[in-house]
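The data blocks that follow each hold one structure.
Two complexes, one shared chain (subunit A), two partners (subunit B, subunit C).
Presenting the complex of A and B:
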């Protein structure tokens, strides 16, 4: 019974972390129409920032030179801040031009970050990565109970981020974003600084990814370059397409459905010969789901609800 | 010198791959992430003809190009044609889905391990003491040159090519003027996929085939496309040679693991200085 509870705690932690990514994708794409494939690049930056800031002196064969030995909350905040700075650099040239460029540049950014993580040993400890990541409140809760605590802690953070995202969506800021997404010239013509709005939402989403990266290291207790492959970005994308773009509830539902299905597939791959086969089928399945939903069910499980329009009937009667 | 030869070959491969990508971007208006997988399809089908069926390399390359062009068209027919009219970014997401399916199928059929053609490495032709390049390398450059010339004459000298250009610049106007757009779209997909397939065959000749190669190359393809000006076909040709030469020649001064970083730095600079690329969309 206790083992099942621990397993569930693990799954909930993972779903929580991915929910943050899906919420970020929703802020980018669902609200603002920005297509960034580089979510995982920001996650990696956040994760490594947290690891480096909270790190102690190197031991054994470690090759890294930089460590700050700070408490977890400093690392957590630093993860968000450093990621935001990176996002600002990426956004500076790309948000002014068409959406295609953002897709390509963020895609390339994610690949390059993964390369740098394995090459820059003095900063990231190379392919060995960081193990024994400092977890928050670890010293207060010893033993396996910590898994349960971590799941709860992550859920609390997810709820906070969800409320923020919800607020952003309904605020005038969110309305402007949607106006911009649906008709950019119109938004420009009523005096909205489109570039600035795009930049703000891009930074907000990236910061969420940075925090999610730090939380991912709490969950894994390690940070390796291979953890931050493109599949992380695409998982968030599939989740948002399945759940429905432009609303935060859809993001959560989509993540639960997707990760639930992935965990279920893990149960099938019990024997080692079957594992590569199952992972190939997982790719095919994810691709199929993406295409089928986009074609036949483009609004996803929970469609976006537009704010109620003003009553047109009255106006036409008067006219 | 050896690096210059590699750079030239890399440039030719990127040229073939990116020209197809740019054609689709121009005519269909979206970024076809699945175009990278056409390279993988080309490479693997050449592997089937060459290593499994035992054909010689030239006939299996030709067969592979044909197979790839048909597969590319089928993918477009099943996935992209029904989505016509949807926002381009949405179709780009669908193309990543298609990309996943193709990669997964390749893994299921051929297994996750790398493959190689049955093709012995050739000795370089020597002029005096100066070793130039192996015959297969020269053949690749010549083939890429011919493909580029063929495309140029097709687009500028034939009715079909002119119609394709008309369709690329204004789809609806072309249709109203009586251009057979459905048939031309088929041609575009066939040509673009065939070029991608040829690039894939060449990748198999200079290195190995792996199921994830489509993802590795699509990034370079997109970088080349930005440098050349998104959707510009001649820009893509020039940019492909530049990127190929830079990424291979830079090995002389900078460690090889940074070639991707250099390519990335190039596009950031290009976007800041000249976002329309070397050539404007003409």
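Presenting the complex of A and C:
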């Protein structure tokens, strides 16, 4: 029983972290129409920033030179900030061009980051990566109970980020984003500084990815270059297409459906010879889920919903 | 009367094609000025140059005495120049009321920071703006459809919504690109009345038109373009009898 509980806690943690990525993709693409494929690059920057800031002195064969020995919350905030700075540098030239170019540049950015992680050993400890990542409140909750605590902690953060995304989406800011997504020339013609709006939402989404990166290292207790491949970006994109673009609830539902299906596979007990087959079936499943959803729910399980007009206290009658 | 908009020696070349060639014209403050000419004569190109959607090869554009050549599109709009597009250009996934509300300039809730820090005052501002949205909906006859998505509107409805939206940010000069296209005759009369009404309230119009009877009825002054060159300007009656205009439209050679 306790083992199942631990397994569930792990699944919830993972789904929580991926939900943040899907929410970020939703802010970028669902609301603002930005084809930002490189979110895994931001996750990696966040994860490694956290690792470096909270790390102690190198031991044994470690090759890294930089470590700051800070408490977890300093590392966590640094992860968000450093990622935002990275996103600003990426966005500065690329957000001025239209559509597909942003996709190509962010894709390349993510690939470059992954290569840097394995090659710049003085900074990232190379392919050895960082193990024994410092987890928040670890010293207070010893033993396996920590898994349960971590799941709860991650859920709290996801709820906070969800509320932020909801507020952004329903505020006038979100309305202008959706307008810009629908028709950029028309948005310009009513005097909207499209570039500023794109940049602001790009940075917000990237910051969320940076925090998610730090949280991913809590969950894995390590940071390795191989963890930050394109499949992370793809998972978040599939989740948003499954769940429904332009709707934060859709982001959550999509992530639960996609990762739930993946994790359910792990429940299937098989003989050791069959295990590699089952794990490769995960990728097939991803594609299958996507095809089924696109066939029967082309705009996602929870499509974009039109907001109701704001209620007027008394002005309505006079107007 | 003084010139609100001055176009001075503006040219636009696309490679070897001279879409506009040394074009100079004025739009007087408080007037309804029309821009006519056969297909491909550079009318929409001129609108795009004025509003910053294209950059001129040569020449300059002044609005209320201030040079606006080369400014970005949104800055020009914020100076008080509204434009519509040849094909009604809406935000299809936004509802009708959102299409209008979004056009409000300088909304407090459009800054990512105040979205979180100024909840109350954003709400109050939204309510105030909604009152104006309701008035606008009534004028353009779309109150019943306010919660529809803009994508579901008919062509004339879309045209009215587009014009209504561009008026939401209180411009001083409105450029209408073919307002009569896609609009049925009954709606067209209503549109003409509305333009005259707004003009009497002090709004200046610069209108591209193919529907000549609509243009003749409406405008105080007409500029005629042909192959990127301004061939004549004048009051409707003079222009209608000008031989060069008749030749441009009908291709009659003397």
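What we mean here is this: the second predicted complex is superposed on the first by the 278 of 319 C-alpha atoms of A that agree within 3 Å, B and C clash if a C-alpha of one lies under 4 Å from a C-alpha of the other, contacts with A are read in each partner's own complex, and residues count from 1 in each chain.
Keep this in mind: a residue touches a chain if its C-beta (ideal position, glycine included) is under 8 Å from a C-beta of that chain, and two chains touch if they have at least 3 such contacts.
Bear in mind the structure is a predicted one, so any value in this text is a computation, not a measurement.
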*asked:* Is A:175 touching anything from subunit B or subunit C once the two structures are fitted on A? First, second, both or neither.
replied: second
*Thinking of the overlay built on chain A, is A:142 touched by subunit B (first), by subunit C (second), by both, or by neither?*
neither
*Could you say whether A:93 touches subunit B, subunit C, both of them, or neither, answering first, second, both or neither?*
first
_Touch test for A:183: subunit B only (first), subunit C only (second), both, or neither?_
second
*Now for A:200: first (subunit B), second (subunit C), both, or neither, which partner does it touch?*
second
*Which partner does A:101 reach: the first (subunit B), the second (subunit C), both, or neither?*
first
*Kindly classify A:191 by the partners it touches after superposition: subunit B alone (first), subunit C alone (second), both, or neither?*
second
*Enumerate the contact residues on subunit C facing subunit A in the complex.*
51, 53, 72-75, 77-78, 82-85, 89-95, 97-99, 101-103, 105, 107-112, 115-116, 122-123, 126-128, 130-135, 138, 146-147, 149, 165-166, 168-169
*Interface residues, subunit A side, partner subunit C - complex*: 164, 167-168, 171-173, 175-176, 178-179, 181-183, 185-194, 197, 200-201, 204, 246, 304, 306-310, 312-313, 315-316, 318-319
*In the complex of these two chains, what residues of subunit A are touching subunit B?*
29, 33, 35, 37, 92-94, 96-101, 103-105, 107-109, 111-112, 115-116, 118-119, 230, 234, 237, 241, 276-277, 279-291, 294-295, 298
_Parts of subunit B lying in touch with subunit A, wherever the complex brings them together_ = 25, 31, 79, 82-83, 86, 88-90, 92-94, 96-105, 107-108, 111-112, 215, 219, 222-223, 225-226, 230, 255, 257-258, 260-261, 263-264, 267-268, 271-272, 275
